[in-house]
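Next come the structures, one after another.
Look at the two complexes coming up: chain A is in both, with chain B in one and chain C in the other.
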Partner chain A sequence: MSATLIPESASAAGTMRRNFWRGVWRVMKRKPSRMAGVVIVVGFAFMGVFGPMFYPDHLPGDINQITKPPSWEHWFGTDPQGRDVLALVITGSRYVLLCAAVTAVITVVAGTAIGLFSGFKRGRWDTVLMRITDMKLTIPGLPLLLVLATVWKFGSPMQMGLVLGLLGWGGVARAVRAQTLSLRERGFIEAARGLGLSTTHIVSKELLPSMAPYIAMNMLISVTGAVYAQVGLFFLGVLPYESDNWGVMLNLAVFQAGAMIQPNALGYLLAPLLAILLLTLGIVLVVDAMDEIFNPRLREE
Partner chain B sequence: MKRLAAVVALLGLATATACSGGEGTTNTSGSSGGGGGLFTTIDVNRPGLEPSAPPNPYAPKGNSFSAFNSMKLGWVKNHLTDPNVALPGLAASWEIAPDNSSITLKLQPNAKWSDGKPVTAQDVQLSIGIAYTVGSTAFAVTPGAAGAAGEVTVVDDQTLKITQNMDNPSPKFARGVLDTTVVPAHVWSSVLPADFWDKIKTARGEGADAEKAREEITGLGEKVLAFAPQKDVSAGPFVLERVNPGEALLVKNKNFFNAANVAPDQVKFLNYTGNEQIWNYLTSGKLDHSGFVAAPTDVMNRIKAAPGSEVIKGYSPVAVGLAFNQSKKPYDNVHVRRGLAHLINREEVTKVASPEGGTAATTTSGIHQKAAQAWIPETVPQLEPYAPDLAKAEEEFKKAGLQKKDGKWALADGTPWKVSMHAPSGFSDWLSAQENIKSQLIKGGVDAEVVTTTDYPLYLEELAAGKYDAGFWLMALGPAPYDIFQRLYGASNGWTNVQGKVSHSAPGKNGNWMGGPEEIEVDGEKINPGELTGELNSATAEEAKPIMAKLAKAANQDLPVIQLWDYVNTQFVNNSRFTGWPHDDEILRLGTGVLASGVWIQAGMIKSKK
Partner chain C sequence: MAEQAPGVRIGGLTVVYKTPAGELPAVRDVSLTLEPGSITGIVGESGSGKSTLALSLLNAVQPPGRISAGSVEIDGLGNVAALKGEELRKARGRHIGYVFQAAQNSLNPLKTVGKQLLDLGRSHGVEDLRGLVRDAKELLGRMGLDGARVLDSHQHELSGGMRQRVGIMLALVLNAHLVVLDEPTTALDMITQANILKIVREVHAERGLTTLVITHDIGVVAEVADRLAVMYGGRLVEQGPTREVLGSPSHPYTKGLINAIPRLVGDIDEARALPGRPPTLATVPKQGCVFRERCALRMDVCDTVDPEAVAHGPRIVACHAVTVKEHA
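Then we have the complex of A and B:
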């Protein structure tokens, strides 16, 4: 019997997987904007990973092309050093996106771990962890970052991402805990308990998969948060100058090239802004698609 | 309900109009010889207005605007070579003894404070006392300080004689005296104790008593800085009316000695926090005058295109250079510094960083190129120009023992080398320049980076603490020869001038961050540049020239800094509301901290268009 059961269950899993991807494809097809979202996000990921490889380590400048408006040769114009703005956006994406990715991973891992543990264990652990989370949530992020920037030079995107991640897990932890509290009372968890399954099994095989879409969405949203935070800090000039960064580009566009005064530098100002806007748009569209994929009620509609 | 909302809205509108009416309408009231009007400007030396700060010229954020509601004895000018030239301020005229041993001042006969009391020699005497407490070049209690005053004698109500302590005289003694701010004795007398002048006498002596007196005098400085007069009492053409976070309003002082020729009835100082805001004011034609502010070419073109806008250029005794910390390797090796000098195209740097406000340095001499032509014209052609030359740079690096690996220069032991240049983050022209230098160095096979520091005071602090390999450094700060060269061979390079005696400290000690050699061989002769610079402090103009020639040669071959560009004095004016702007080089460039338009207005040069 068992010999015949195994291929059956394997093929059932295979069918489920196939059905899932078919469902994904259907959801994507329903709104073309969702496809656009995926293309944008994949495009940015590609840009961050491979983009800088297309350019030399140090972008060459042309002093006869200082702060020029957009043209065929330079789609977004040139900066005050005579460098191509588009090339700056592409080479600058690596720092921004790597930092955002680190932030997202830390936010989600720390937030989920604390939320799950807290919600599942309840009792004293819950109280202690949630009070810590509350305290964390009351600390205003930007002022703290401004203070931190004076003592710590965020030289690498990893460091920056680590700090932003450690500042951002509070909201995720609270939300995951709430979800856990509601799920742990559901029938399937009780059944799992009744079957005598281990806590590890219940958490990893029953609880986590139910929350995975929610966590994934949070991860994507924290990417945008991290981009805003670091670009903002660089724009304010509180972080060390690093020429390959969107925030520094915005800062220099306004304070060095005078983009608010003379139109020639507008391309320099708009290019990084457009990149941030596009990335946010892509993420929002993907989150929208994910929402429908994982939420059966929406799918049925 | 709707009706009530409409009434409230109307009332609100009426209040708003009533409030804003004060700005626009009152400026035409009150007649004057100059024609009246509102003059709008900024205090280019001090970003950020502080409404709660007192009208105290010594308070760091004080609402005291030099040449507007704060007066000095004279307005010192930056002549190419003579430090002692000035325009009359509260002193109408003065006589300087041929040997610089004394200066006799005659005050403006009709000078009055804004409360109607006359300006007297006693006011000046008290102001000199205050200058002692806060530290000044002519009024210093440091024993043996060069160019310090000996005696201050009140000859009569309008005349004072100030003698120089000839133990350690300085050719710029008179400049130090004329550069003294005068405050009203009837308001300020409480800041100095009754026995103050006895204390000064004691402080000039030696021993424990003198030391204690000196401490007491400098201790009084804090009281001076914190002094907050209830009301502004000004002897200048204007008096402070009110300050809010957006602007400071000054109104004409009817008691000013030359009030008949002061054109504007009101002066408004606009608040700003950065260059970009000043560009905004200038491109919209808001400002009648602004001192130098760095601007990129396109912004400069927009400023010039504003209606009535004019950019007046003149001489400015300031240059900027890339200074090295020679305690750090490989900058201790002169060949490395020379090689770097050959890699940097200064014309290109200036074009990117300061196309309007600077002229590329012809070479490194430590002196502004215009002043160099005036002081040492026959030495200038002998100096190495350090033209951009890749082959020469390579030759110098090889002499220094550097290694070239895969097209990149590394240190002698093979470890990677990266030139790390520092600049304060707000200085857009410096950052532009460093970014350009970085590109040029990388092209020449030298790895480089630009690192910023939050603000200028912190930058100077970290630079002095020896934290940077290389950073930008203001130099050639004339007109006095000593001031020019002490930027290269002064305290920052190890030589301190105490009691007229120059002593050298080892690199890393007593503020010596440049860490250059104590002796340099120039034309086969070993010279001590710090001691020679010290000699300039008391040398006459003729004595100074050969010393300056030697020092220029030393700076040129030893390169403690690579001089990049010499600043051009750029003044922004607007002819829409006021005219009569001076174009004379010397009147354009006034001493540090003085707001030029105030001097021009009080001298009656500026006329209202109406």
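Then we have the complex of A and C:
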């Protein structure tokens, strides 16, 4: 047996890393829908970062083109001020996406950290943290946002994301804790401890990857939740129209352009809805791929 | 290697578990010596405290359990029961190799065996990772596996027996000289069982290890162990050289265990199951002998006085009846 040893060309660690990216590529290739998902998500990211740069700060309105239906010149028509709806969607995306990203990061980081710590440490800290989580979970989100809207203008997406994130980590923390409690009793965690691997290693390299798809799933929920929540707030009109974004568009489409009764304004109403739909779809498809990337069992040919 | 086959002296070890009914001992006042270079087997029924005893060699009894008294002296390490934090972590894996009960489940399902091996190496500050991989391949080769293929496999791509061998490899690869095997052959078929035991014996002899095998299968112990210790209700009731203990058991529990094994020849009814059932943590008698409820040789003194472990030649037995007989 030992005679068959082949001298290794590259360091073992290097091989592992390459295998990981090759695995990712294979997972992507398996289902074209995943590619589509990645393209959509990357596209939205690009749109959020660079999109507004292509347009002036104040979009020019054409008074001869007020509330027009979709045409070749204006793909989704124009708004009551004669502005191109597509341009509005693009310039409005930054606020929505930045807010969603901030929410996702806060939700996932805070939720995962608190859940992992609670589940792994157990004991007194677990009790304290979980009671705090319970209390947080009892805070009704929408009413609180409505109240906050009377005080804050939510002009900056960071502010909005922060509030939504702080409202959203509770569920993730609970879920991650439950998952940690179940995983920490598994044989391979016990074995890792018995073989003298450090706690940091066990938590970050053994527990966390096992939960990655789970956390990704929760991130998806919180991102879409964040998008709906802020768009909803703007749509309801409880927030001042400080900035261009999809929620403001929906509000104006319905209440100003009268999209419900006027077919000409339909494009104005549908464009932001379509954007939200596409974004959600993209994230769902990426999460699907994520599941397979982290679970080698699903990766089998 | 400077360190060779360490001896282990367990003295008066008591491990308690915290329950609503107070702290109950799973292992009570156990003293056991593992001679350097020997294979010791511990047998006992489920729940007799075998695994708890083995875990305390690593000082890895999980809460709500804790070592409440006694010491575990390992040559070159000192009292493991008093070790803490980093020191304890370093001792595990490097000095004490532990093959877990159901080692089939002790691999991370998300990582290849090789990746886990490297993790292990890095955690213990191994400089020469390539050398570690080479050692692992060689060990796997010794156990009849294709090292390169196994290291490149995930847990689900290996059979139960292969995983068990991987578990043994991980316990040995850092050159630990004290190896604890907790139920190494449970849930394996007879052929794989025999293979694993052969490997244990060979590796033991080759590397000069001190080995502790925990099992409920007397056949396994008879196969590999030099010394045998029998546990019942958290106590060590009898220990001695395997041949002697199996050939002429003196504690009534050991006798009962051996009588319960069906013979290859003769009437199947000759095998007699021990009457009654083993005590659980909650039903273990607080005072007196733990075995008296099922004992044929029960005396009055058994109800009140816990029998001392008394040496009779190379054998140590904890039983009033035996002590009385020996001294009569």
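Rule of thumb we're sticking to: the second predicted complex is superposed on the first by the 263 of 301 C-alpha atoms of A that agree within 3 Å, B and C clash if a C-alpha of one lies under 4 Å from a C-alpha of the other, contacts with A are read in each partner's own complex, and residues count from 1 in each chain.
Keep this in mind: a residue touches a chain if its C-beta (ideal position, glycine included) is under 8 Å from a C-beta of that chain, and two chains touch if they have at least 3 such contacts.
Small disclaimer: the values here were computed from a predicted structure and weren't measured.
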| item | value |
| --- | --- |
| Partner chain(s) touched by A:186 [first = chain B, second = chain C, both, neither] | second |
| Contacts of A:138 with chain B and chain C, given as first, second, both or neither | neither |
| Touching partner for A:258 - first (chain B), second (chain C), both, neither | first |
| Partner chain in contact with A:201 - chain B first, chain C second, else both or neither | second |
| Partner chain in contact with A:237 - chain B first, chain C second, else both or neither | first |
| Partner chain(s) touched by A:60 [first = chain B, second = chain C, both, neither] | first |
| Residues of chain C touching chain A in the complex | 58, 60, 63, 89-94, 98, 100, 102-112, 114-115, 118-120, 123-124, 129-130, 133-134, 137-138, 140-142, 144-148, 154-156, 167, 170-171 |
| Complex contacts: residues of chain B adjacent to chain A | 274-276, 279-280, 283, 295-299, 301-302, 348, 351-352, 425-426, 428, 431-432, 435-436, 438-439, 442-443, 450-452, 454 |
| Contact footprint of chain B on chain A as seen in their complex | 58, 60-61, 63, 66-67, 80-82, 150, 237-238, 240-241, 243, 252, 254-258, 260-262, 264-265 |
| Contact set on chain A toward chain C in their complex | 1-2, 4-6, 8, 11-13, 16, 122, 186-188, 190-198, 201, 205-206, 209-210, 294-297 |
